[in-house]
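As written, the chain order gives the labels A, B, C and D, with residue 1 at the start of each chain.
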Amino acid sequence: MRVGNSVLPLTSRPVMHIDKHQIAQHNQRLEASHGRRFAQLAEDLPNVEKIVQQLNDFQVAIPSWALGTGGTRFGRFSGGGEPRNLEEKIADIGILHALNRSSGSISLHIPWDIPEDYAAIRTLAAHYGLVFDAMNSNTFQDQSGQPLSYKFGSMQHVDRAVRQQAIDHNIDVIKQGMELGSKSLTVWLADGSSFPGQLNFRKAFQNTLECLREVYEALPDDWKMFVEYKAFEPNFYSTTVGDWGQSLLYASKLGEKAYTLVDLGHHLPNANIEQIVALLLMEGKLGGFHFNDSKYGDDDLTTGSIKPYQLFLIFNELVEGMDSRGMDHTKDLGWMIDASHNLKDPLEDLVQSVEAILVAYAQALLVDREALIEAQASNDVVQAQEVLQHAFRTDVRPLVAEARKRAGAALDPLALFRDLDVRGKLIKERGTKAVATGL
Amino acid sequence: MRVGNSVLPLTSRPVMHIDKHQIAQHNQRLEASHGRRFAQLAEDLPNVEKIVQQLNDFQVAIPSWALGTGGTRFGRFSGGGEPRNLEEKIADIGILHALNRSSGSISLHIPWDIPEDYAAIRTLAAHYGLVFDAMNSNTFQDQSGQPLSYKFGSMQHVDRAVRQQAIDHNIDVIKQGMELGSKSLTVWLADGSSFPGQLNFRKAFQNTLECLREVYEALPDDWKMFVEYKAFEPNFYSTTVGDWGQSLLYASKLGEKAYTLVDLGHHLPNANIEQIVALLLMEGKLGGFHFNDSKYGDDDLTTGSIKPYQLFLIFNELVEGMDSRGMDHTKDLGWMIDASHNLKDPLEDLVQSVEAILVAYAQALLVDREALIEAQASNDVVQAQEVLQHAFRTDVRPLVAEARKRAGAALDPLALFRDLDVRGKLIKERGTKAVATGL
Amino acid sequence: MRVGNSVLPLTSRPVMHIDKHQIAQHNQRLEASHGRRFAQLAEDLPNVEKIVQQLNDFQVAIPSWALGTGGTRFGRFSGGGEPRNLEEKIADIGILHALNRSSGSISLHIPWDIPEDYAAIRTLAAHYGLVFDAMNSNTFQDQSGQPLSYKFGSMQHVDRAVRQQAIDHNIDVIKQGMELGSKSLTVWLADGSSFPGQLNFRKAFQNTLECLREVYEALPDDWKMFVEYKAFEPNFYSTTVGDWGQSLLYASKLGEKAYTLVDLGHHLPNANIEQIVALLLMEGKLGGFHFNDSKYGDDDLTTGSIKPYQLFLIFNELVEGMDSRGMDHTKDLGWMIDASHNLKDPLEDLVQSVEAILVAYAQALLVDREALIEAQASNDVVQAQEVLQHAFRTDVRPLVAEARKRAGAALDPLALFRDLDVRGKLIKERGTKAVATGL
Amino acid sequence: MRVGNSVLPLTSRPVMHIDKHQIAQHNQRLEASHGRRFAQLAEDLPNVEKIVQQLNDFQVAIPSWALGTGGTRFGRFSGGGEPRNLEEKIADIGILHALNRSSGSISLHIPWDIPEDYAAIRTLAAHYGLVFDAMNSNTFQDQSGQPLSYKFGSMQHVDRAVRQQAIDHNIDVIKQGMELGSKSLTVWLADGSSFPGQLNFRKAFQNTLECLREVYEALPDDWKMFVEYKAFEPNFYSTTVGDWGQSLLYASKLGEKAYTLVDLGHHLPNANIEQIVALLLMEGKLGGFHFNDSKYGDDDLTTGSIKPYQLFLIFNELVEGMDSRGMDHTKDLGWMIDASHNLKDPLEDLVQSVEAILVAYAQALLVDREALIEAQASNDVVQAQEVLQHAFRTDVRPLVAEARKRAGAALDPLALFRDLDVRGKLIKERGTKAVATGL
């Protein structure tokens, strides 16, 4: 768990903030019933202290673009009080982190979040106990003043000059990340085609690989490159990094600093994502994770709101696979939320998402590994299901709440967010028309 | 809850049966920990007694074909000890019902289960506390000695003689059901086409409607007809009762005794089944339910093994919709499991399925309706999700176990099934080569 | 076929237009090879004259929002020369219609296309030989100055005032349509939910039905109301008019002027759209059609670019079903393109779409109905496929070109569009930064 | 093109066969109209002779299990006259090959087709001009007398003894293939799981890889191993060789004789198969192809009956990709049909499938490569589509027929099959109850 201790200059201090006393007061009110539930649950669990500690340690990065209202091509319905600049985005994540102490890092998107003063931004983040997670480049939109267009792709582009522009941009993003203390670059390419014949698939792959190689060359030794894949959208016929197989192919050809990044919403219908995760871990090539949930495509809904059992099964593979390689749950993979908050208050949505992630992680930690291995070894399919469902059906919320309590966060972050009227105060501070940069 | 009290003639008595003492002994062993967990849960629930009673009352019909090992077109791996005739199928459901007291009815499939002596079969069923649920006709296979083939459909068939054969068969099934005390007929038609051009869709619909009308005419006044729909398989281009819209069209044209039957596995990818359920209830046309689970198609897996949250959401609509119409949860809809037990012991699979159904039903009963209505009325999407997820995340297993205990069933049916070595005894009784009729 | 003959006031005349001489010159150049191909094809076809006439008569409406570059939530890459107002949109469709004489109507979208002077707009349209097809309302976006928000739906909304606003808007759209000579209203509702619990499905349906009833009341006697359905997007959990079954339920409850509208991209994966079309025609409830193509969701690609055989099969059902009811192919259904031109020049995209529609229609007209009926009557699946594939594999482009030639349009519209550098001239006229209203 | 010239011993001669005179007579009757159509088409094509030669050379292997009626888990409706043994299966393919001269090889399935006398079988095949294509092993079913069961997988199995049994079987299949002159082994593993928790994905992969390695060791130097993947069925949660990414991973780890095999029906909904093909060719790892068609899953319908444009796009990639590597279209990839003939006469179904394959191949050969490259190089998406659609919309059937004519096959194989009443004669020879081994 990370705690911020820097001193924030007076002028940067936002009106809205959550202090320790508010949290303590809130927790005190809920302590009796929480304490009882936690104690009851602890009776049935052998290793409750260890699990609470693991939950305490777990941190999910928040992308800077998740603090504003999202939209679809059909429209966007803004909710008011959105952060107007990077400083306010950091402040929002600061509020979130104060509430749950599980959101201790921020993932920036360039060019939406170019800092003017790196040192000041680092200080500001540190004040909230935040560090900088993966940097995200953008070659799927044209920025005003940009010489060449990405209309027909970026790294796949038939024109070398466009490809060079995309390479240069990514290298620039790395440089900015170095200033901020980031250690990884996420490359999501929207490159692909919407019509048969538009692309030569092979050349598109090779152009992309060549560009990624040049970016990879510029990567510091202690950095990772995440190659994100997506089945479709915004291109509707093919995508040049379209599935885990393609991403793994790129990552393998690039080298040991290159990894695959899995976004839960980027698959064809019915894909078995947990198997993909297990195989990528087996190959040592799983790098990071984008959490969200979906029913139809890249719906970018609140994590755990549609398929919570799938989320648990994924965490079950993550825990098993990481443990089998001796990996550190908190450091060796990049965890990030990547959702679009079209209808909900973005901060409330993030509170729900982080809670769902921690619930699934706690359930996965509860899985009786020995019993599962034994069931598998004897092809006892019924018992294997019992082991998993026992963990999933257990109400682990007291564990998650206890971990928060011990970290100095709120027992019920959503309730406190509402009790303190955080959004109301943000609207007062920023106005109802504030619109965050992003999608 | 139904309890059997008839006297079974000595010669019909199977070797394997579960008696009250075995259950009492089992329950006694688990009582301490169960009692504690139930009491702890009851502390947090306002209406625990009512919920336990509702769980106690809830009964799920077991299809006669679910007692044997299922298979795919690629093969079938029998497990041994399968029931060799209708009497043994009833005995198997008797075992199941003794274990959970929630499986108090049997759904027969004709011609797989034609009784030789109706009175004897009724007595046998009553001995186990079982009644006869919906009768199922079969016009998707050719039986030996059958004059005309269903290769190109039954009720949709271009040849009137084939259609008449299908009508006659269904009327015969009704008659058999009347002898047994059944009150409903489920018509699942595999009719459809595998190639463009094979059918005139309109004529296929009209032929089918005309046949269903003739069967409907033969339906006793206190019977219901369930028109089941399915998106695909065994036909792979079109199905003549292919979705809820088509089923509703048939049911509406047929009359008030005709209803739609929903099988969870019979939809296109990503269908919102809970919305379908809600709309059919709104129209007063939801008749019955076939439980199972699936990831890809009609996979016929254990209920709740893949998408337990979807199952809960469906029950949430069922409870809300039935209550809004003043319907009786236990009598006004037909509940049945319809799965294929390819890998698991069929009885263990059914134990897990019934448990998953009761868990989902209990969660749905826990939903704070007033809070949900209030959240909906104020477009508080976050709070609406909280209300549902609170119910879903609660560990309701103690409620389900308590309901079983009060009904004289086992606190942990699966554990008792294994402790008593039920399958081992069935194999001893029936042999390892016994193969049940069915798919 | 409709031909414009009004006189356009000098000031409204755009720089870019296509005149008869240009078309004649173009056709003369291609006549030799076209004539030969057409003659060769005619040798093998019994009723070529009738088919050419039917192709000649067929008209597809162009939506006003299809003339600009479309986009996704990730961005939009404008192409330049887009129409800046309704007059220029009409001019664009005029160009298209001059090229193919098959695009003789325009479908307006309110509030994107509110005319300032109805008479002038009617005159302008008539000048190009265009009439006004279905009017489209918009309750899926908030317009500036709109008192209440559609963020949580319009006709489904829990607040009666929002519902009234949606009703009033639709009635206003009808009134505008009456001024322009339109005869139908298309209601596409984005209403739905993105999260379980957000909506009460039944109440959402009933609110929507109640609103549609009020709009229906305001519908002139000779108008039709089209109730469009869509499986998902922009809502990602449920849609309140989500499939053909729901649309048919609304349309049936509303009355005889209400119909279902089918958009090819609005279905779940693998849906059999041709069967839906056949059943809706059977019920007398198919009202209109939105053409486009897609691989994943509502991709809104060029019609026929992904699944041309499906398009043919749909036309095969349309022709068969309309003929069986004695319907007029050109008047009794509303035909419209509804696509998003993200990568292609919108006018070129429309030329390709109209061509694909006419090709599919021509193939459907070629189907040997008697042979098909005979094959179906004898369950000769092989022969039924042969009949359909023979029509589909026939190269019908000479028929379509001949129909165009006889109507005074270009033998090769795309080639002429490029030869005349239409887009270049439009850019010169309107600038590279012109952005059309719409998505 | 291969022609058989061995002498078949009198006793082996089947009653039904097709001789040269019958074909000549048939062709003579159709020559006039065919000749005209071919000549007309040739006028528009620059390289018609080369294309006809390529079509002439193209051979598709027929699997031995495709000669009988297929079924689903719901039933099988046999059609009569099915081959009763390997000799009769070869005779059936002989008939097919006589009709189209494009089906000159047979793919055996062990243990369904174990020859008793290799030399005799080779002679018999040679008599019909047939050679032996890929051998297929079977570890997805239990054979009577087999010591260990594949119920829980074969090469993935937790029990080393089961894995050894699967290895031994595959090595045995190689040996049998060596006797027959085959040069490749297709390994399709049904291995996977139907329930979460059933498998440890990583161990299942590693067990499978280890087994494949042992089989690979036994592979002769001039053989290839094809690792087939499938998304689901008969397992419904995970498959251990589930997608092209997994197959490529196995093939890469195995070595240069190991390749991926693509079956068109083995993907998740909406997968872009043509891109997969292009990437596998790029990697030098595409080994073979199983043709069929489908709408929902592994429907195993007649090739080209559902998505003919997709088939063309796949061939477009195959031609482009093979040419770019200097590969021989006829020898360097394994082409096979793999379908299930549930409703159609198997031989008629195969005639239609081979025709559809040749049509798609011919269309792909027609693609103007230079124009396509130029369109791609200038991001002219409209023109790229025009190039592809021009090839696809061209009626290439005269080219395919001409190739057949030159090879001594029938201009219209289906018509001749029916004219000669082949099936009627086979039924007379074999009876109506003959049922072929296979699925």
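Going forward, contacts are C-beta pairs under 8 Å (C-beta built on N, C-alpha and C of every residue); 3 or more make two chains touch, one makes a residue touch a chain.
Bear in mind that the values here come from a model prediction, so they are computed numbers and not experimental data.
Listed by label, the chains touching chain A and chain B alike are C, D.
Distance between Cα centroids is largest for the pairing of chain B with C.
Distance from the chain B centre to the chain D centre is 41 Å, each centre being the mean of its Cα atoms. Chain geometry summary: the mean Cα position of chain B and that of chain C are 44 Å apart. Touching of two or more other chains is recorded for residues 151-152, 194-196, 198, 231-232, 237, 269-270, 272, 295-296, 302, 305-306, 309, 343-344, 381, 385 of chain B. Chain contacts in this assembly form a complete graph, since each chain touches every other chain. Against chain A, the residues of chain C that register as touching in their complex are 70-75, 77, 140-142, 149-152, 190, 194-196, 198, 231-234, 236-237, 269, 294-297, 299, 301-302, 305-306, 340, 342-344, 439. The residues of chain D lying in touch with chain C in their complex are 36-37, 40, 43-44, 269-270, 272, 295-296, 302, 304-309, 343-345, 348-349, 352, 359, 381-382, 385-386, 389, 392-395, 397, 414. Contact residues on chain C toward chain B in their complex (touch as defined above): 151-152, 158, 193-202, 205-206, 231-232, 237-238, 242-246, 248-249, 268-272, 274-275, 278-279, 281-283, 309, 313, 316-317, 320-321, 324, 372-373, 375-379, 381, 384-385, 387-388.
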